[in-house]
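Below, each structure is written out as structure tokens.
Same chain, two partners: chain A is paired with chain B first, then with chain C.
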Partner chain A sequence: MIYFGKKGQLHMTETIAVMFIFFVLIMFAMIFYYKYQQVAFKEKQEELLGARAMDKTLKALFLPELLCTKGEAESEDNCFDLMKLRHANETFTKYLTNYYFSVFSYARISVLQLYPEQKEFLLYDKPKPDAVSGEKTYFVVILKDEIVGNSLPQYNFGYVMVEVYS
Partner chain B sequence: MVIGKKGQIELTFNWMYVLIAGTVILLFFVGIVVKQKAASEQRLSIDVLRVMDSIFVGSGVSEKTKNFIDISGLADYTLYFDCGNGVGHYGLKGTTADSENAVDPIFAPGEIQGTQLIVWSLPYKLPFKVIDFLFVSSSNSIYYLFSDDTDFANEFSNVTQGFNVKYTINSKYNEIDPGKSFQVRLIDNGGLVVKKNGQVPLKLKGMDDDKVSAVVFTGTNQVDYYQKEGALWRKLNFNPVQIISLGGERDAAKYGAVFAANDKDYQCNMKKAFVRLKYLNEVYSGADIALGKVSGKLGEMVEYYDTHKELELTRPDCIGNVKKYDPNLVALMQTHQLRVSACLLQQSSCADLINSAQDIKKVNTALGVDCITLY
Partner chain C sequence: MIFSIDYKKGQMEMIGLVIIVILITLGMLFMAIFALKADPEKKIFTRKGLAYSTMSALMKTTISETDCVSGYSGSDKPQFGKDIVEDCAANFDEKPGGYSQYRCSGVHSCVFFEMKTTQLLNMTLGAWHKNYEFHSQLVRASETKPVVLLDVKGGSGCAKKDRDSSGLFPIQAGDAGLIENVLYLCD
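Up next is the complex of A and B:
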């Protein structure tokens, strides 16, 4: 004879306890997963920001608006033409919203001349209103100035700084 | 065996309870799986776009180099490329992720499906470097070149090494065999092979219409696009499409025509280059050059020669070519900028840019002897 009495009640309590523990475990798993996702998301954001910084730096380094040219020959690598550089900012600012924002997005690009004298040329600046962080990338460049050299161009030295906002 | 009423209720309740709880738990996990699947597909398409963006940036700046990218992981997906109203789009077909690009001219077939992506870039000059043109194709997109001009055929075969290009003589038109290629493009340099309403090659008749196309170069600076329609060629463009370039080897505008899906995509990408040319002209000669007011790099050149009067005796051609002679750089840059503006308004007037670019090139070469050059 099988008799169900207090044992049945005990079973119910046991089941509820098991369920409770089960849901507690599920909750723990969800909290853990959420925290992990938060960290992963942050890491991914940093990775994306780094990649974006590299992309923008590459674009800046090879801009036809800045590059040194030699007639029909190949452009000079890692060289900016100061005679163009001094005026590029006007064009970048004038067409910032309808063109250059598509190229550089939220960023600040400047060229700092170190030799023979220190000078800064701000080329592009579009700060992100709610930016929480920024990633700076630097690249050494030669700055060619044909106007000051006596028949031969003068080569100055500096670096380009690209800061992208996140 | 006697079972009490309480036992009966408890047993039924237990089974129902297990059933309901089991179903709920099962549904919960099924829901998670479905959501994760959708999320991972979305993530994949976004990742693909991000990687493609980076590849295009890298390839765009590494002039004249070809990049072969393994995309075997995306073999089941179709990449699409499109351009309209001066804005390019690309992404994975069937997903919501879509990348917009209003800056970089990307000449590519409408669709690519395969295991290897080929990306190549060439600088577009008019006459100075304007922008890098990016050519995208895949290892299973096959190009058949028909050309009587052996110089162009040799150049094309040399520079497109790595692409699936086959140089064929006109008489073997009906013998071309695409094998298992995803798509076929015929390049007819001279317009002797592909004709409007003409027959498509025999072995291409079984292929899907949108996978067989032809580009025909007629005259020096003209191109027509054709698409297979049944067994015949259908001409896509009403008016001939003009190639705006200074010619020569590795002519970016001509190669753009080869790799562009159709006339609409070609002209859309060319428009991106003309927009950039307008801005570059301003860097070179100032925002008001169209009004004859010079500044920018050319302005500095004018100022330099105005303040160094002694150079008028020792190097008279410098100031002459910059602003005194006919033609001179100031006047030519004004004409060039006016023509760019006209070209952006009406595509048929873009051909005028060739003459002004040639004139600027001549004067700049003359300046290169002993003076500051514009570019």
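Up next is the complex of A and C:
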């Protein structure tokens, strides 16, 4: 009789131990899933911000206000006209609230010339007051200067930097 | 009776084992899904676009050094891809101290090609902490193996698996052959 009681107790302890381990495993799985969700949410946010930055960069790259044109021919790829660029800031500032804010929202767009000499052209700057972070996207562009060359225009090397805020 | 209890116990243990196997399989499946998750399209697009735009800009850049052609007083300056790289291909065998039509900064066009490419890529992709590889080769009609004009690596370079290319930027260098330029970009 005593023997059977002890055997029953042993079984009970075994079952409790198994249940305990099972719940510990479930708990681990839940903690892991929670942590994963946190990271996934952050990643998704970053991805969305990156996509927004990319979208704004593309819009900036194809702005007729900046693009290099060749009369009626197709515009040149990844090229900004320096003649337009030198005065673009005035236009961007003048129509910031009326037009450009609906295109670029809260962002900072600047073009940096690296070669032959370093120069910066700030095109658009509308910082978000409560911005937590920003995402920068870069694109290498060529800057066409038709004033310098005699028969051929001069192409300078630079890049466009678009920063969006979250 | 004893046999029946033992049989049932065995069955239950089997069920337990099956559940464990199912759980482990599910766990591994989830891990595989997360591990093999493809790169977001945006990242790939950005990399490809950046590689293309960098290469295109580099090849189109006008060289502003004034001493490229001695005795020439015109105001038109050589273009990096069309003039300097082409000249490097035409006079590759004379490198580094021999003849070349353009001698920007007083050096052979191949040396200048390497200098300028390294400098401009360093100022852009290098400054943005991107790993890249620039490769330029000359395909001659008389030789089966292409001649390497320039190899520039930024950061740790790129493994063949996870990289995006600017695509081939071919330049016909007259009798010298065909120059193939390519830029690989990876994170």
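Observations on the model:
In this text, the second predicted complex is superposed on the first by the 125 of 166 C-alpha atoms of A that agree within 3 Å, B and C clash if a C-alpha of one lies under 4 Å from a C-alpha of the other, contacts with A are read in each partner's own complex, and residues count from 1 in each chain.
In this section, a contact is a pair of C-beta atoms (placed from the backbone, for glycine too) under 8 Å apart; a residue touches a chain by one contact, two chains touch by 3 or more.
This structure is a prediction, so every number in the text was calculated from the model and none was measured.
With both structures placed on the common chain, the touch criterion links A:L49 to neither chain B nor chain C.
Look at A:L114: by the touch rule set out above, it reaches chain C but stays clear of chain B.
Among chain B and chain C, the chain that touches a larger number of residues in chain A is B. Residue contacts after overlaying the shared chain place A:F157 against chain C, while chain B stays out of touching range.
Touch criterion met: A:N78 reaches chain C, while chain B stays clear of it.
In the superposed model, A:L96 lies in contact with neither chain B nor chain C. When the shared chain is aligned, chain C comes close enough to touch A:F139, but chain B does not. Annotation: chain A residues 51, 54, 151 touch chain B in one complex and chain C in the other. Partner chain C is touched in their complex by these residues of chain A: 47, 50-51, 54, 77-79, 114-116, 137-142, 148-152, 154-159. The residues of chain C lying in touch with chain A in their complex are 40, 42-43, 45-46, 49-50, 52-54, 56-58, 60-62, 64, 74-77, 79, 120, 123-124, 128.
Residues 1-5, 8, 11-12, 15, 19, 48, 51, 54-55, 58-59, 61-62, 64-65, 67, 69, 71-72, 74-75, 81, 83-84, 86-88, 90-91, 94-95, 99, 102-103, 146-147, 151 of chain A are the ones that touch chain B when the two sit in their complex.
Contact residues of chain B toward chain A in the complex are 1-4, 6-7, 10, 14, 17, 21, 50, 53-54, 57-58, 60-61, 63, 101-103, 123, 125, 128-132, 275-276, 279-280, 282-284, 286-287, 295-297, 299-301, 304, 361, 364-365, 368, 370, 372-373, 375.
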